[in-house]
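Contents: one structure, followed by commentary.
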Amino acid sequence: MAALMNNDVFVVALWAIVKVAIILGVLLGVVTYLIFAERKICGHMQARTGPNRVGPFGLLQTPLDVLKLLFKEEFIPAEANKIIFHIAPMLAVFPAIVTFSVIPMGPPPMFVVTDVNVGLLVFLAMSSLGVYALTLAGWSSNNKYALLGGLRSSAQMISYELAMGLSTIPVILRSGTLSLVGIVDSQAGTYLIPGTHIPLPSWGVFHWYLVLPFAVFLVCSFAETNRAPFDLPEAEGELVAGFHTEYSSMKWAMFFLGEYFNMIVICSIMITMFFGGWHGPFMELLGPVFGPLLGLGWFLLKLSAFLFFFIWVRWTFPRLRYDQLMGFGWKVLLPAAILNVVIAAAWLYWRAA
Amino acid sequence: MNLPLLWIIPALPLAAVALNLLFGDRLGKRGTAWLACGAIGLAFAAAVRAVLHLASLPAEERHLVEMAWTWMRVGGFHADVAFLLDPLSAIMVLVVTGVGFLIHVYSTGYMAEDPSFRRFFLYLNLFMFAMLTLVLADNFLLMFVGWEGVGLCSYLLIGFWYEKQSATDAGKKAFIVNRIGDFGFILGLMFVVAYTGSVNYERVFAAAPHVFPAGAATLGSLFSGAGLPAITIATLLLFLGATGKSAQIPLFVWLPDAMEGPTPVSALIHAATMVTAGVYMVARSHVLFLMSPATLEVVAIVGAATALMAATIGLAQNDIKRVLAYSTVSQLGYMFFACGVGAFGAGIFHVMTHAFFKALLFLGAGSVIYGMHHEQDMRKMGGLASRMPVTHATMLIATIAIAGIPPFAGFFSKDEILSQAFATGHYAVWFAGVLGAVLTAFYMFRLYVLTFRGAPRFDEQAAPALHDAHVAAEHAAHGHADAHGHGADDHGHDHGHGGPVTESPWSMTLPLSVLAVLSVVGGFVGMPFQQGGHVLERWLRPVMEGGGVAPVPVHELSRAAEWGLIGVSVAVAAFGIFMAFQAYLANPGLATALRARFAGLHHLLENKYFVDEFYGATVVSPVHRFSVVLWQFWDEVVVDGIVNGVGQVTEVCSGILALFQTGNVGTYALFLALGVLALFLHFLRS
Amino acid sequence: MVPVLFLGFGALLVATALMVVLHRNPVTSALFLVLAFCSLAGIYLLLHAEFIGLVQIIVYAGAIMVLFLFVIMYLNLPHDVEHGTHIAVRRGIGWMVGALMLLFATLLMRRGWAPGPENAAMIGQEHGNAAAIGRELYSRFLFPFEVTSMLLLVAMVGAIVMTKARRPAGEERP
Amino acid sequence: MIPIGWTLALSAAIFCIGVVGVLVRRNALVVFMSIELMLNAANLAFVAFGQQLKSIDGQIIVFFVMTVAAAEVAVGLAIIVNVFRLRETVFVDEINLLKG
């Protein structure tokens, strides 16, 4: 045992496993109540109270829904490609979880699973893998609507990945590294607005040349998570329920899980890149033990804010038409992102020179 | 005065051509006429300016070269597009632009009815461009460009009325005959280049005396062909080119047929300018010719023979333009034997005067034809003197001039030529010249009398009918512009077609008058009996004495001898004129009697010594038969056989190879993989 | 531990590649190919080529293969029918050639290898080879880099033009 | 540190599998995928050699190969789609218009 403890590889692996376990556990809970929050919020937006029967304030509503889904009968359509039909939902969840391994949720090393020097690439890679879940689900369930949904999702996600990837480049240019931890570190501290004495946290979004990238990234993140107003793969108005028309019970739940995971992931990434990650005031005051905890707190705070924003948007905006979606992605976001890259590069070069 | 812009002189007509091509259809007839004439007029002005500048220089510096750009540079050989203005080219350029301008003006009247007015002036300007290039070139190559250009334009213009078989045939004939001459020219040029390594006049003439192996060939050695020096061959070939262009024996046959073209064309190209190109070329390269006495002999003999022969033919022709054509040939003969006897200056002098009066004669003839509603047969004319006073007067002047009566232009030049021939001891040639002079005087006045004097031999009242009949006939015979310009009946011509015979419009008479004046005074530049030679001689001296080649020996004639010669030539001219009046005016019986007496001779002359038929028998038909053989055997059997054979072989081979072309990607990939395997094996075994 | 991982990834790679070739359903082949690429990316990671590894996933798995899937689904291809003698023959030949090639390749690689010129140290390993690659791309390989961008542009335009839906004759393309 | 022999053997194996795929399959798309396999085998070899020679160039070449592969796939798939529109098939042995 001691020998094992001295084997650092083993230790690292052990720690990683522990962290992953914690994250998974927490995430599942979080998602459950994220759904609850969504229903509540949309209820209040629509001047109703939302779920409030089961348990106090309806708090038990979603856990019991999950339970129900677990026990529901599983239906597999005939002529479906069984294997892929089974794999697809897992694919929806797995990339998101992988991405969590590189997100710094608090000051390293405590709150970071691993710090790979190409963390951002990991995120991009995983989000690009996210396509498969929807595409395959749509294709394998041998259903026109599902297939259409799958095709839509694949086209949509590929299109928006471009803009998303490009909009991250200014951030990389600024921080000079692909490691998410490095990116977060590059946003530590504050800076004075030129010409004034007003201090600003030197978060990405507070630098003028990163505002537009942030906007682009935000829009793309909606598209990547297939959430309104970009939820065309499951546009219930046109395709019964899009790619998961044929799915039921736990597989269907997996898709939901995946969607919310992705949401959380992308929000964390946004925070990491544009909102200083876990950085926030008063951390130095609390000393080495509680300071990091506070960092985690800041991170969670920002995260919840973003999640609220996502829900808010979903229940506010109407769905785009498909051609609008594509046109917007290719003709507006992509050029904007490219413009960002040029502007940021020029600005940084000029400032460095 | 800064450098005269030489390049602008040929550039102007070219620009006119371009404009005419681009916007001609919008310009309309007036615009086209203005454009064409304006360009030539400006060219004339530029030429005058340049020549004045040249004259302002001291004699030995009169040699302006203007480099436009380097044309080609191949190894040691290089040719420029460069223009040379020296006394010789100065005369030529003045004559060409001046006479050319007048003839352009004339054409605006003469061609007024022609539907393809624009095309005519297009060709005419193009010709001017080519001719000026020829004249102004400072090297043989560029000269050759102009040479070919004028050839092309003459072809185009002879065949101007291409819907007429005879015209197109004449055009082709002219072109082909010229090709023979051009071939000689090219070969001669190659000789020159081969020996002197350059085409530039200066370098060639400077180098020639040194590079060409000496050794004067005599006339005898020409026929024996033994030990013929290169210079002789070269000059002979060049002279062959000259005979082609200038219609000398043996290549003169095309010029009379060239009369199928519009009369201004005959005047400009086939009388005044182009046909003298040969003379110009010989005079230009006199250095080379002087180096080869044998060639000079040939030139002199050919010239004299042509002069005599053409003159004799001229006696028996009835078509007014043909008479003039043969007189042109014979006059060109004079020029050549002037060159032949080494009197290049005299030759150029005659070129100039001849340009004046021959152009005048043609234009006058054109005016007559125009007035006669395209009647060209002199036997149907007569008594026009009263009806066309201006034409008559000018024609008379020109006729006297060509006949060689002092003080008209023709006299001076012709007399100088003859005296030179005498002085250099070419007595036979001289005698031929004198004989030619008699004949010239005779047939020219025959023309004059038949046309203008005596009683009219055409029915004026019946003119419309005659004309209408005639229009139909014209199509077959020598139908002209208006043959298609207007159908059988519309007589909307300003000169009242079919109406009474009247004088031509001013646009035609004006040039006539100008040319008349020129043919009167044109000869005074060559007034004899002056210390150190007359004006023209002194003007040309820097050119003619350039190059260290001894001129043909001249034993100075005594003043008395010269007077004698003058007396002789005047006398013979007078005799000819007298005979003409006798034969055709005083007692017409004489002519018929003569014709009856020498029926055979007359028949011979009327048919131009059967030269065409002779060529047809000796050259054309053998060539034709040979080419038929080539066509039916060589081309159809051998060449086509080879081609088809290649095709069939390819087809068979590809048929075999196509088996590998399965169109199946998999197979290709398989072959590829096998190839890779082979490579692997190779590496493994190595 | 690294060799173990390598062997694992390698085995996965070979297996999935074989499945790509063997499986009759294009979609399944494509998915196996994705898997193969992912394991290849893993191998890249083990070879300290993190950047290439992840680009591998992004480009191949994330873009190219999605394109493949998209096309397959768009054409709605069924299982490939592959029976008949000539196909069987070709299959036999194919496998034979492949085997031979592998044999020869191994034989070739069994030979001695001349040691190549060794750089002093792997450039820019300290902070990820992404930085190093970027530096090289924008300095020594700048021209090929630009040319490649042009190539991509051309390919994009070409693809768009080719797949544009045909209009009936007479009607002009906008 | 992995011995280069392993990597090369692996890449050789993948390459040969790709070859087999090209030779055996008739579905143009699968053939295409096999070609991609070969490309990746080459990439692997490049990376391995780069590793061996302690040079980054191998990976840069791989980068370029990937770009070219992307372009190639874009155009190739476009061609296949067109062919399918025209001939209703993607089987390479049924498309032999160029048969000599």
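Order as written gives the chain letters A, B, C and D; numbering starts at 1 within each chain.
Everything that follows uses one rule, which is that a residue touches a chain if its C-beta (ideal position, glycine included) is under 8 Å from a C-beta of that chain, and two chains touch if they have at least 3 such contacts.
Every value quoted in this text rests on a predicted model; they were computed, and no experiment measured them.
Farthest from chain B in terms of Cα centroid separation is A. In whole angstrom, the spacing between the mean C-alpha positions of chain B and chain D is 76. A straight line joining the Cα centres of chain A and chain B is 95 Å long. Chain C and chain D have Cα centroids separated by 5 Å. Each chain gets a centre from the mean of its Cα atoms; for chain A and chain D, those two points are 33 Å apart.
Looking at chain C, residues 51, 55, 63, 67, 74, 90, 93-94, 97, 101, 105 sit in touch with two or more other chains. Residue positions 19, 22-23, 26, 93 of chain D are each in touch with at least two other chains. In chain A, no position touches at least two other chains.
Chain-to-chain contact here is organised irregularly, matching neither a line nor a ring nor a star, and falling short of all pairs touching.
In summary, the structure contains touching chain pairs A-C, B-C, B-D, C-D.
Put simply, chain B touches chain D in their complex at residues 654, 657-666, 669-670, 673. Put simply, chain B touches chain C in their complex at residues 666, 670, 673-674, 676-677, 680-681, 683-684.
Against chain B, the residues of chain D that register as touching in their complex are 19, 22-23, 26, 31, 92-93, 95-100.
In the complex of the two chains, the chain C residues touching chain D come out as 2-3, 6, 10, 13-14, 17-18, 20-21, 26, 29-30, 33, 36-37, 40, 43-44, 46-49, 51-52, 55-56, 59-60, 63-64, 67-68, 71-72, 74-75, 77, 80, 82, 87, 90-91, 93-95, 97-99, 101-102, 105-106, 109, 113, 116-124, 129, 132-133, 136-137, 141, 144, 148, 151-152, 154-156, 158-160, 162-163, 166. Looking at the complex, you find that chain C touches chain A at residues 1, 25, 27-28, 31, 34, 50-51, 54-55, 57-58, 61-63, 66-67, 69-70, 73-74, 127-128, 130-131.
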